[in-house]
Structures are given as structure tokens and as C-alpha cells.
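One chain, chain A, appears in both complexes that follow, with chain B as partner in the first and chain C in the second.
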Partner chain A sequence: MSNVEQKMNQNLSRNIDTNVKVIQSLLKQNDDVVERTFYLPNQQGNKGTLFYVEGIVDTDKIERALKDLMYTSSANSNAVQTTSTESNLAMSIQTHMSHNSSVKVANTLQEGINGILLGDCFCIIDQSEQGLIFSGKGGEKRSVEEPMAEQVVRGPRDGFTEDIRTNTALVRRRIRDVHLKVEGLELGTKTKTTINVSYINGIVKESLVEEVKQRLNKIEIDGILESNYIEEMIRDAPYSPFSTVLNTERPDKVAAALLEGRVAIFVDNTPFVLVVPAHFWDFLQASDDYYLNFLTGTFIRWVRYIAFIISLTIPSIYVLLTSFHQEMIPTALALTIASGREVIPFPVLFEALVMEIIFELMREAGLRMPKPIGQAVSIVGSLIIGQAAVQAGIVSPFMVIIVALTGISSFSIPNFSASYSIRLIRFPLLIASGTLGLLGFIGMFFLLAIHAVSIRSFGESYLAPATPFKPKDQKDLLIRFPWWHMKNRPELAADNGIREANEKPAPPDKGNSETASNKISDEMNSDANTTSTANKKDASVQRKKSKRIKRKTVKLKDLMKDKNDEDQKSQDNE
Partner chain B sequence: MKIKITNGMYMALIINMVYAKSIGVTQGSIARDVGSDMWISTIIATVSAMLLILLTVMIIRRMPKADIFDQSKAMLGPWVGKLICLVIFIFFTLSFGPIMVTFVFHLKDFFLPEAPLFLFVFIAVLVGGFAIYFGIEVIARMALIGVFSILLLNGLLILGALEDFDVRELLPVFEFGITKPVIASRHHLADWSIVIMMCLIILPLVDNQKEWGRSSLVGVIFSFIFIVMWPILETGVLTSQVTSQYLIACMQMARSAHLGFFLHRYEMFMIAFFGISILTQIAIALLCGSVALSKLFGLKDFRPLIIPVSLIMGGYGYWVVQSHNHAMDILENSWVSLSLSITLGVVGVVWILGFFLKKKFKSEKG
Partner chain C sequence: MIRKLYKLVILMAIMFILTSCVGKREIDDLAMVMGVGLDLVENKNGEEEVKVTAQIARPADARGQTGAPSGQTGEPIWSISATDKSIFGAIRKLENLSSRRIFWAHSYVIVINEDLAKNGIKDIIDFFIRNPELRMRTWVTVTPDDASELVSSLTGLEVIPGQSIEGLFKYSDITRAAPRSQMIDLHAAYLSDATQPYVARLKLETNELSNQTPEQGEMYKNVTHAGTGVFKDDKLVGTLSAKETRSLLLFVENIKSGVSIIPCAENEEDVTTFELVHEELKVIPDYKEGTPEFTLKVKTTGKLVETDCAIGFDDDQKIKELESNIEEKFKKDINKVLDKIQQEYGVDILEAGNSFNNKLPSKWKEMRVNWDDHFQDATFHVDITAEIKSGALLIEPTESNKRADE
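And then the complex of A and B:
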């Protein structure tokens, strides 16, 4: 055991100066480690010291902790005085003085040092054999932004960040269920990276969770800087070009995977979350498939499947047809290709390889260069070099079209790991086709197919549910069935029962007054009837009134007339 | 954990194992015997195959966890058991001849006439050996994809050939009498013999034991549906005379099929979609040969024998396909008689002896 390890493993001393010296010796030559001394406001005036690393802590939290310790109210201070003994001073402070929501007691130096390095604040107090760890994690963080590599037209715009807590919160915000579990562990002897394993209890198979934990616990490495470190060490097929662990920047994708009974692995300091098990088809499916109308979703999914086939096979098929099996090309097309190739001095295979390599070169250069220059590289590469190469008679125009088509197709594959895999396996297929024609193509294709069929991802067949054929899971493979039709969870889930119980939506049935909409329409009709009845009543009353008035007016007129006649008669008599 | 395959995979294996050769090479042989009645011979052979496969299921059901090697060892003792292993290994080595004929001549005659023969055999053995290294489950899963390919190929061929189809070419029915189509069915029954021998070895690995019989029958019926379309189309489009002129009649059929201007020839579709079927045949032949040899030498795992078996079978296959006449001679004469003798012999002997040695099964089970 080294000197450092010996120091780390020792318990805290009652003498604060001894503890401070040990911590100083362990964290020496670290300019960013801050040491702050203070005195408790109790009668003894115990000396205390805080240690933290500047930059990874939230200074406000530290200041609040310090304020609690130095200027706490006399009532609380007295409580500490009366309840504390020498052995539980730290615990008493935790209970009576601190406002920090997640302060905990540390018994060893190891706990304290780990706390400091994780971004917490370690506090040691004189005459106490225990220290306190105040939660102080903070520092500068990237805010939640739209994922760079997995953009969608319709759907949530938030993506994972480098902060693991933000990432788990983004998923928890989507699954507000008591069964959602986020288990933590630490990997990397030097980096001590926080890893979270997340799943939904009851939906996930327990054996899968156990397997994930077992594989993670087997990892012995000094540092985990990105989730690929984990991915490479938990894969089922370590030498395979196919990725058997799904990685994503999208919280909605992780939430969907958890609801299907998968397990997510969050790694601190990376926005890429791992999802296991992963099937081959998962890499060709995008979140959009589920956020758009199922017909549109199915259509774009098919476009991607076709893009995958084009990206993998088109250069090889072109090379084998033009090099070996010209008779298979329709005559008119064969003549066009031949006229384009007339001045090309190289064999088709060489031409294809050169073009593919140049394309990869441009893609890589465009990616690595600063953004504005990267775009320029792409434009210069595609327009100027392509045009110039054709005019110079180095490559045929048809080959440029083939390579461009292949490139565009590979861009439409939503997962970049899958895109890289396809780029990788395209080359052996191309070489086999260019050297042995159809025989080479078939041979290499079947070797790849057999390999893909043979691999597994955490016990699940990689090509499932296509092969082995799982009839119930076909609702989300070639065709994305409407949500009201996907009643069960996929077979990989433990709870394979009803996922949703909605029926196919339909307009309200006129004869059936059971449905809510019918009730509404009935109510509306009855209101209208009531209104009209009331109106009718009012009208009849009005009519009766007017008739009465008319009758009275006529009577009045008759009376007036009679009176006038009588008056006239009397006047005549006079 | 012992590897298990589902009943669906088992059916897919049956379909793929018989499809590749039966649609063209076999139909050419039958056409040379009975002309336009080749579809009738296909039906007769299929009915015979149904009976044989049911017999196979009955045999394996006696000791459901034991394949034919273990069963014969339990029933007749280790030496007879070893003899059965040797016979079955010889059978699968012989079967590699017609399988290579199908694979090599499809590619060599129609795509790469100048390529060296060795290359075809080497690639076949390489891919087959690679597949069997992962075990029966991987081959069975590939076979599932193969069924979809077969469906696509058949669909495309119907679309491309229906325009030129003339139903009158199927007439007269029973042109050569009733006996001749029955005798000619031996060619197709020889194809089925490979399936029967495969079932004797892999049936204990099939998951649902209760459904063995039904799955086997359904597999045979589906195979028949997929295959019988070919002799009918070959007769109606190519005519039986033309079909009989070719060793690989199905490729000629594919060549004459077309969909519009740009899909003017189907050979590439043919290779692309029937490829899984022929590679399943290659892989299963290698697997069964390796398993037989491993049981013969008392090895627990067949994998160490993949390379030696590949060399033996590949060598025999290479010898068979050296020339067309040689290949046709073996295909239509020695292979048919040997395969049927071995299959009927093994199945018949084990089935009959099983009645007399029932006690041995009980003691083994107990």
C-alpha cells in the first residue's frame, strides 16, 4: 500500500491541525484547492477548516454553508452546545446548524477527499473525529441545447448535456413514475466518474439489470472520459464493426427505450447516454418516426432503409456490373456508362476506391476544420475537385454520381455509429466485388450477414425481431403501426402486458348516444330545443297580448265612436 | 445450455434445404425423363417426402433428446452407432456434389465463365464453414431470411414470366404414362433425402416437441408450394424440351423473364434471392458432416472438425464439378441411387429395429 493510500485510509484525528496537515499533503501542488479557516460560535469556539476545489463548486452554496457555521442563531448554537459531546459534534452541527439540504457526516479522510474532488465542500472541526461534507457541486455548465447529431423536425428540442444530474432530470421529467430507478456507481480509479443505471422496475427484466450491473462492476480502468469507454467494455461482440449498444443525445429516445424495458447508462461528463440491449433496426429508426403521422413515419423509415441498402451496396454493385457483368446492364445504359469511361485510364475498382477515399477525406476534413472553413472544404471538395477530376479524365461522371449517392444515403442514417459501421463494411464489400465480381459480392455479403445474425446485445439477437422472427414485434419494424394499434410492449420487456388500451379512433356514431361527443351533441340539441320552445312561448304570449291590445283598441274606438255619436245627438237636440 | 431452434426456424431450414436445387437442376433432370410432366413428378416426390419425414419424426420421438447417432448407439451399441455415423458422414459428403453443382454452375455458367473452379468451391466452403462455427441457430436464422428471399424471387418471377406463359405447353398430361413420372420423381426425392437426413440430426434441437410432426409437414407443404411453381412456369414459358437442354434450367428461366426495359434479365435477382437457400444447403451439409464425424471420433464439439470436413467435402465437390458431363452423370445416376439407398436404409432399419428394441429406449430414458 502506498503512502498516499495509507493516509487516505486513516480515520480523522481529534486534532484539527493533524487533519489539515494530512489533507494539505495529499492535495499539495493544487492551486485550485481552497482552504478556509473559521471558528464555531459555541462556547469553546472550536476551530474549523473548509476544503473545496474552486471552479467545480457553487460559491454561493459554500458561502451559505460558512454563514451557517459562523453566524448561526444563538438558539441553534446553544442546541449544539447542549446536545453535542466530543464524539458527535459533527452530527450535532449537521442537525442544528446547517441549512445545507444534503450535508453528510464523513468518518474517514478518504470520504472527505473524495467529496472535495467530486465538487463538494469538506469541513473538519477541532475536537471532532468526524467531518462534514456539504453538497456544493456547481461551476460552469453547458445549458440544455438541441442535440447536434440527432435533430428532428417535430419533437422535443432538448438534448443531454455533460452534467449527469441534468441528464437524469431530463428523463425523470418525462417519466414521472415511482418505478423509474436511477442507480449510481463510480468507475475509474483516477477519474471516479459517476455512472447511473436507469430502468423502470416492473417493465425491465430483472436479469437484464443484473447483467448490466455485473458488466459495469467488472470494469477496471483508471479513467472514463466518455461513454464509449463503457460501451467498448460491455459489448457482446467486441471485434464487430456493428454497434450493439445504442448511444443517444436525446432524452425522449432514452425515455422511450426505458418504457420498452431497456436499460439506460448515464455517464458523467458526456451528453451521450447508452441504451441496452440494442437491435440493428434501432440504429435506422429516428424519433421523428413516432412524432409524425404513422403513414409519414413509415414512409421516412422506408426511405432510410433504402438509403442503408444504397449506402452499403451501390458502389459494389456498380463496380461488379461494369467490371464483370456488363451484359446485365440494359444496353442503352451500358453505352452511356461506357462513353463516360472511355477516357478513364484506371480500372473501375481503383476509380471507386479513390473516389470513396477522397469522399471520406472531405467528410473528415469538413468535420475537423472550424465550421466556416469546414463548409468551404466541402464545397471546394465536392464542386471543384469533382468537376476537375471528371474533366481531367481521372474519374467518370457516373462514378461521381454513385459516390455522391452513397454519401447522401449514408447521411440519412440517423445514428452516426451505424453510419460509421456502414462506411467501414462498405470497403471490404467493394474490394470483394471488384476482384471476384458477383461471387465476391455474395461471399462477402453473406459473411457479413452471418456475422450480424450471430451477434447479440445483452442476450437479445441483434437482428430481432426480423430473425429470429417475433410476430408481435413486427408492429414497429418495417411499418410503424399507429399508436392505438401498438397495444403490447416489445417482447424484450418483462411486463409484456397491455401498454395502452385505446381503441381505434372514429367519428361519433349517430345512433349511439353512449359516447361523450354524442352526449355533447345531445345536450346541444336539447339546449337548442329549449331555446326555441321558450322563444315560441314568448312569441305566442306577445301575439296574445297584441290581440288583446287590438281588441281593447277596437272596443275603445267603438266606445269613443258611440260617445261621439251621443254627443252629436245631444248637440243636435239642443 | 443446449441450443434450441424454434419450430419456425426448423420449417425455414426444410424449405431452404430443398429449394435451391429443386427449382432448376432437378427440374432439368426430370424434364429429360418425363417432359412436361415434371410438375407431376414433383408432386409425387413431395408426397413420398411427407411420408418419410413423418417416419423420421416417429423415430426421433422414441428418444426425443437424442439424435440418430445417439439413438442408434443406445439401441444397437457403440460400434453400430459408429457405423451409422460413418454412413451419414458419407451421405453428406456425397450430397456436397449436387450442392456444389447447383452453386458453382449457377455462378460460373452465367456470370464468371473464366473464373477458376477452385475459387467457387473455396468461397462456398469458407462461407459455409464460417456459418457453422456459430452453430445451427445462426444458420436457422439465416434460413428465416431465406424464406422471405424465396417469396420475393417467386413473386418477381411470376411477374416477369406470366406474360410469356402458355398453359397449352403443360398438355398432354401423363404424356409418358403413369409409371414414368413416378420413377422420375426419384430425382426430387433425392433432394428430399438431404432434408430427411438433416431432420434425423437436428430434430432434437427443435423447441416444441409436440409440434414436430406438424412443423415437418407444414415445412414440406410450403416447400412444395414454392417449388412447384417452377416446373409449371418452366414448362409454360420455356417448354419442357428447352428445360431438358439445360443443366441449370432455372437460370435460363430467369434469363427469359423480364419486367419492362430496365429489369430485362433476372439472373442477378435469382442469385441474390436464392443465394441464402444454397448457402443454407452448404452450411447444413458441412454441419451435419462435422457432427457425424465428431460422434464417430467421440468428440464433444464438432468445431475442431470444421476444417477437415470442409477439406474433404470441398475436395469431393471440386471433383464433381470438374466438367458438366461428369457432374450430370453423378447427379442423375450415382447420387440418386446412393442417396435414396442410404436414406431409406437408415430410416427403415432404425425404424424397424426400434420396434424390437423398445426396452433399450425405456432404459435410456429412465
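And then the complex of A and C:
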């Protein structure tokens, strides 16, 4: 091992053959490493060798680089001449000969080897103590697709991919601001995974960025294969069932978070981007809330809040009512429940646990099974659980309803990691209420509540803005206020001054509508800088007007025609 | 941190396991009582004992098949009874008979036999208030019949008698044949220094025809509302009939509906029916020469729903006449009830003491000790205005035109 490191730290030798030997010894037993030898077209005819890894490079790019290095044409003959005379061969190739957009000069073997493994192409030339790294990253990539885990009805359909550059580009496409920063670092001693920390300067609190970077730099691990590796190592409450880091596949969600003063962490090779800090409520909010009418948005948000409460508490409440507090059930309902349970041989708690586990089994099996067989699971599941189990007298029909309701509710929570954590904390609640009744339920609920209140996410209270109560942030909690009303950024942003200066939209005054539009176009005309656009707008207004007139005349003509016809008819009758 | 977590987990496990589900009883291990009947019986030694009858629902029969097929007997209720010196003693004896734990919280109704009620119901009030399993919103009633029989007779469309008695009370504001007396009201009235308790009265009546053999005539017994039981302290002193109860309810409940039948002016046999829509009572207490005095301002509005008389709703004269007839009739009814309550029973069940206390608290302090005596001496002035607001869908009288043609 030390032998390898020694070799890696070595500087490049002037003799190409020694260099080639060292690289070969480092990269031996690798079928996918390609070595290509060529001669420069200058007077000396220096020998050069190119190394790259097949599959992670774009072969076209490599070929273009080779073309630059091997051919002389009238266009670059001067350049070739200069390389012959200049002492620093690599530098002059970089500046004069190569067309590659990001060619770099490498001084050590280590840089070169890393370049090769990252998907670039490393070129060494005889009589030069420096090598060249041509960017050649390429290979097969998944294209941008609709995110599988977070779908919306209205809203952008693009989702992150495994390629980090594509991902940052998707966000940059949304925020074209000079203040948007994408800082890079590399984590994982073996995987050398690229990590990008993104934020908007001026909006984000600087201390937050510092904290994120500090926590990331503390990570020492050999490999990072998914963003959860990082999530677990930067979490504030490592043992908590609640997740304090938001993960998302949606670039629009990341963009929105950046605009609120949060920090996004991109990890290469995974479509899941991390967003910090995250509040509890963020996991219950979907992008749809903001893309639909605010009334609709508020309504569906409430549906989700209710779904959360149902999926957390309904099984426990049913169990505690039927096995401890029968006097709390309305009489008619109590009779119905009792009649359904008449022949059930198990206690309610056991029945509930069995049903919950069967449900989880079905969900897991449906997920793991190959898609064509997946349907079979649901058929078998619904038949066995929904009918046969009830008919056989093993579970009561009420319990089936309760478990189904719980399942459906937990699926309507938009963030799947949050829905998993709710599923988890349901079980202690269920056991507590099945053994101690309402007392156990309340005790366990309070334990969970105290825990949730106590944890923080990157300095932000987890349950904010509900508790601690932040009056300014209430505009985006229970009710999603209309966009023209959300004038400030959330309190976690450094710059929570005015975000927008819109007034409530209203139609122009009735009487002056025509003159108002004229005024606008007049103003535009007078503004010398915007003449062309104003003209365009004017033209479009004109076009619209003429269209309207045309439509009117057509209508009039139709009317006239009808009338004429009628006249004709009446004349005929006479 | 990890040790703390382990400790917490172990602590939880110990708490859940060692308590071993204390107090747990599954809903299907309960015998849910739907109604309680209390009778007075004599034992072999000639001592008086309480007989408690519990009407217990069989869920599988009361609801039909909801899950897996379960044994159904076709009998939605199961009635059992036991006697002992105290109610609780009898209830404990009931447990001997029952395969499931008897659960009282869902009881709809408590029926007390009048003989028992005459001896005093203090122990009953105490027991049903003290017991944590029993609800304060249970209906309390008295009956001249056997409470055990009444509790176990099937009534109405419901399969559980308790439920049908609950239904009777639910819609009692249309018939107004009995007050809506719940345990909580009885308790409050018993504790109060100003009012005396009253409860609804139930009776068994045979008035249901068999579907198969209607020619046999009425054969099934039905529970009906039959007025009010009037208490002095905890002892039943008398009853008001269903008709008298209507006037009583004017004082103690919000009236939403009622029916009054008035003979026509032209022909005594023909009648006009007046449906009460809204009735308002304003009590103005006063104090004159050592006796309390009450002015009762009653405002009645209603509509004409049925008439044999030739009254058109546009006929102002006749409508006025009708209104004054109604006023007269109402006044007579109210005075009759007032006389009965004041002179015969001598108990204030009208909450007159309360309104007197509100208006004249200083005088009340002098009178509260012997309020029932003062109540007997009190004078009531009844002032009624009746108004017929609509003739429902008809304005013209329903008259055949054939006669006019002859």
C-alpha cells in the first residue's frame, strides 16, 4: 500500500518511458484502462502517451484531443512551431495547440491518476516534466426524468439524476443569479465522491454555510454511495426517528429551499439532494401546495396534516378504546364493534399488531418484487386480508378498516422517509396504548412530543414555526397564503426583508381601462431604451384589437344573414 | 447517549410487560347493559328488597353479521334480574348469572317502579351518581308497571328496547307527553333548594297489531310516554297526565312543537287543529304582602294545520276569534296544572323559586327555608297572546263546491 502511495506522490520524470512504467504498474490488472501512444507533429517528434478509462469517457472528446496533438494543419502550424521552440512543452500545448475546453496541466503523478479515474484523459509527453489532463468525462447517463418518489399534478416534471453536474444545472437553470454558489468538495477516501454545497449568498446565513461545510469536512469514510451516508453523519439527533435533513428529488423544491435561505447538498451518483435545515412541517408539505390556487393548496395541505394524525394515532386510539375505555365509544358504535369482534380469538392489541405487520409485509413485498409479479402481491393481499381473514374470524372487519385507513394515510405523506419514520413511531404508541390504555397513549405521545420539541436541525428548532411560535412564519404553515401576500422570507434567512413588493392583484378601474392601457403603451414609447419591446407590445395590442373587431364584424354579418333569411321566409309565407 | 437509550427502552419494556395490561377488558368480554329496571319486592321474610333488572344486548343479534359468522339466537336482548337489600348488592348478584362482565356505561335508561319511588330514591340517585361507570346523561323514568317487564319489552322499530326508549325521548319534543329528565337534571333538582325533582313517566300499552294475524287485535305491549312523576325531595308524591305535562313543559323546557285542538264556533263537533311552532314564557316574579306573586307572559305562535270549520286564512275576523279561543284554552290548561301542583302536591317543580331568587334575592333569603309553603300560597297571573302566523299551504277553506251548485 505504502509502495503505491510512494509511487503516487512521485513527480513526473522527464523520461516518458519511466512515467509510463509507473502508471502501468499502478493501473495494472485493469482491463478498462486504455493506453494510446502517439508522436507530436513538431520538429522533435516527441513521443506521447494517453491514458483513460473506457466507459467513463466520451470517446469523441478523446479523439478530438488526439487530433489536436497529432495533426498539423495550416491553421495550427504556427502553434506547432512554437511548441518546438519553447522549453515548457506541456504549457505550450495547453495554450497553443489544444482545443479541449478545460485542459489542465498536472505536475504530479497523483493528479494524473486521479484524473484518469474521474473520467478525464491523462497525457504525458516525452521531455516534459508535466502532464496534461484533458476533460473527457462522458459515458452512459440516465436522462432527466420525472421523479419517481415525489410526483405532482401541476408543476415541473424534471427530476434529479445520478449525475451531479446535471443536478446542479437543473437548479441553476431555475436561479440565474450571480449570488447562487455551488461549492465543491470531495468525500470518501475510496469513492472520491463529488459533493456540492449550494446556497444563495446574501440570503443564507453565513454561519449556516460554515456549519454545513465544517460538518462535511469532519466526515471520514471510505465510500459515499448515497446521500444518506452524509445525512446520517451530519444529523443533529442521530438516534431520533424523526429525520432532520430533508431529501428531495425535485429541483424546484431545492430552488425554493435556496430562496428561503437554506443550504442544499448535492451528492454525486444519487438523485437525492439534501436540504438543511429542515423543519418537521417541511416533510408534510408538497410542491403542489405552491403551484395550485392558495385555497386548494391550503386544503390539500390540511388533508395531509389530517392524514399524518390518522396514520399516527388511529390504530392506537381504536385499541385503547376497545380494550380499556369502552364507555367512551358511542353506544351504537360500541355494539357494532362488539358484534364484529364476537368470534375473534385474539386480544385487540395482538390483532392490531398482526394486521400492521401483514400490511408492512405486503408493502415491502410489493416494492421488492419484480414489477410484473408485483400485482400478484396486491391481489393476494387484498383477498387474504380483506376477505378471507375476516371470514375465517381471525380479524374483525373494523380492524381491517383501521389498518387500511392508516396505510392510505401514511402513503399520502409526500416525503417517503418521513412516512417511514411515522410508521416506526406508530408501534411504540400502539403498544403503550394497548397495555396501559389512554394513560399509556398520552404518556408515549408526550414522550414523542417532548423529543420532537427538543431536537434541532442546524440550529433551527425542529417544530418551528409552530413552537417556538414565530408569528411572521405562520403564513406558510397551516394556511398557505397567496403569493402576493408572502412578502417576507422565513426567519431562518439572513435577509428576511422584503421578498416581493406585490400588492393584491385587482382589475383596473372600470371606466379607465382603455385609457390605462393606452397610457402604458405611451410610457413605453417615450422610453428610448425599450422602444423595440414597446413597439412589439404595441403591435401585439394592435393585433389583438383587430382580431376583436374582426370577430365582432363576423358576428354582425351572421346576425344580418339570419335576419335576411327570416325576412325571406316571412315574405315566402305571405 | 446510547446507554441512556437502552435504559429508556428497558424501562418502557418493563412498564409495559409488568403492568400486564392492568384494567384491560376486551369489548367482546362485556355484557353491555342497555336499560336498568328497579322494582320493589318482598322477600320470604316479608322484608322489602330492590329488584334490579338489566337489559343486556347481544351484539351479534343486535347488529346482525358484521364479520365472521357468529352464533345468533335471534334474541337481541337478554334480561336478567336479581334482588337484594341494596342496589349494588343486587348488581353484584347479577354477575353470578352473566358469562361476561356486566358493563353499565352504555345504559340508555333507568326505569323505577312507582312503589319504589314512593319509598324514596335517594339511594338510587346516590348510587348512579357515585358509580364512575355510569353516565349522567342516562334517562330516568318512573313507571306504574313492573319495571322489569317494561325494560324487557320490545318497542318500536329498534331491536334493543333501551334504544327505542332513547328514541322516544329524542323526538319527545313533538308529542310533549313527558319531560326530558336525565340523571344529571334529577341530581341537580334534588340538591337544589329552589326546585323539586320531576321525572318522565313510562307506561306499557297494548296497541301494536300483529302483521300475520291482525284480526286478533292489539296484542303487543309497547312503551309510551305517559306524563310526569312529581317528587317531593326524594319521594314520589304524584303524577301529571300526558296532557298536563304539556303545560308543565312550558315552564321547564324549550318548546318547539305542540298540538292544540279547538272546537269550531259554528259547530261544536267540528274542530280546528292548531300546531304550535314557538312558545315563549316570561316569568315576572313579584312580592306582595308576604306572598310571592308571579306574572306569566306567554307568547304562542303557530299555524293552522287542519280544520273542519269554514275558516279561510284571509278571514281576519275568524282568525282573531280562533286566536282568542286558543288563548282561553291555554289559560285554562295552565291554571289547571298550576292548581294541581300548588294545591295537591305542594312542590315547586316549575323552577319558580329560581326565577324568584334571580329577581328578588333578598326576599329569597327569607323564604328559601319554607319555600314549598310559600309556593303553595303564591299567586299566578297568566297572560297569554296567541298568534296564528300561517295557514300552511292553504288560504281558502277546504269546501266542496257541489253544495253551492245545488
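Here is the rule we use: the second predicted complex is superposed on the first by the 491 of 574 C-alpha atoms of A that agree within 3 Å, B and C clash if a C-alpha of one lies under 4 Å from a C-alpha of the other, contacts with A are read in each partner's own complex, and residues count from 1 in each chain.
As a convention for this text, a contact is a pair of C-beta atoms (placed from the backbone, for glycine too) under 8 Å apart; a residue touches a chain by one contact, two chains touch by 3 or more.
Source: prediction; values computed, not measured.
Placing chain B and chain C on a common chain A by superposition gives a fit, with no clash between them. Once chain A of one complex is fitted onto chain A of the other, the partner contacts of A:Phe324 extend to both chain B and chain C. When both complexes are overlaid on chain A, the residue A:Val343 reaches chain C alone and has no touch with chain B. When the two complexes are overlaid on their common chain A, residue A:Gly437 makes contact with chain B and with chain C alike. Contacts of A:Ser396 after superposition on the shared chain: chain C is touched, whereas chain B is not.
Of the two partner chains placed by the overlay, only chain C lies in contact with A:Leu335; chain B stays clear of it.
By the touch criterion defined above, A:Pro428 reaches chain C but does not reach chain B. For chain A, the partner that touches more of its residues is C, with chain B and chain C as the two candidates. Least inter-chain distance for chain B and chain C in the combined superposition, rounded to the nearest angstrom, is 5, based on C-alpha atoms. When the two complexes are laid over each other on chain A, chain A has residues 324, 327, 436-437, 440 in contact with both chain B and chain C.
Across the complex, chain A meets chain C through its residues 239, 322-324, 326-327, 329, 331-332, 334-344, 347-349, 390-393, 396-397, 428, 431-432, 434-437, 440.
Contact residues of chain A toward chain B in the complex are 324-325, 327-328, 330, 333, 436-440, 442-443, 446-447, 449-450, 453-454, 461, 463, 466-469.
Contact residues of chain B toward chain A in the complex are 6, 8-9, 107, 111-112, 115, 119-120, 123, 126-127, 130-131, 134, 138, 141-142, 144-145, 261-262, 264-265, 267-268, 271-272, 275-276, 279. Interface residues of chain C, counted against chain A in their complex, comprise 1-2, 5, 12, 15-17, 19-28, 30, 32, 34, 57, 59-60, 62-70, 103, 105-106, 108, 133, 135, 160, 163.
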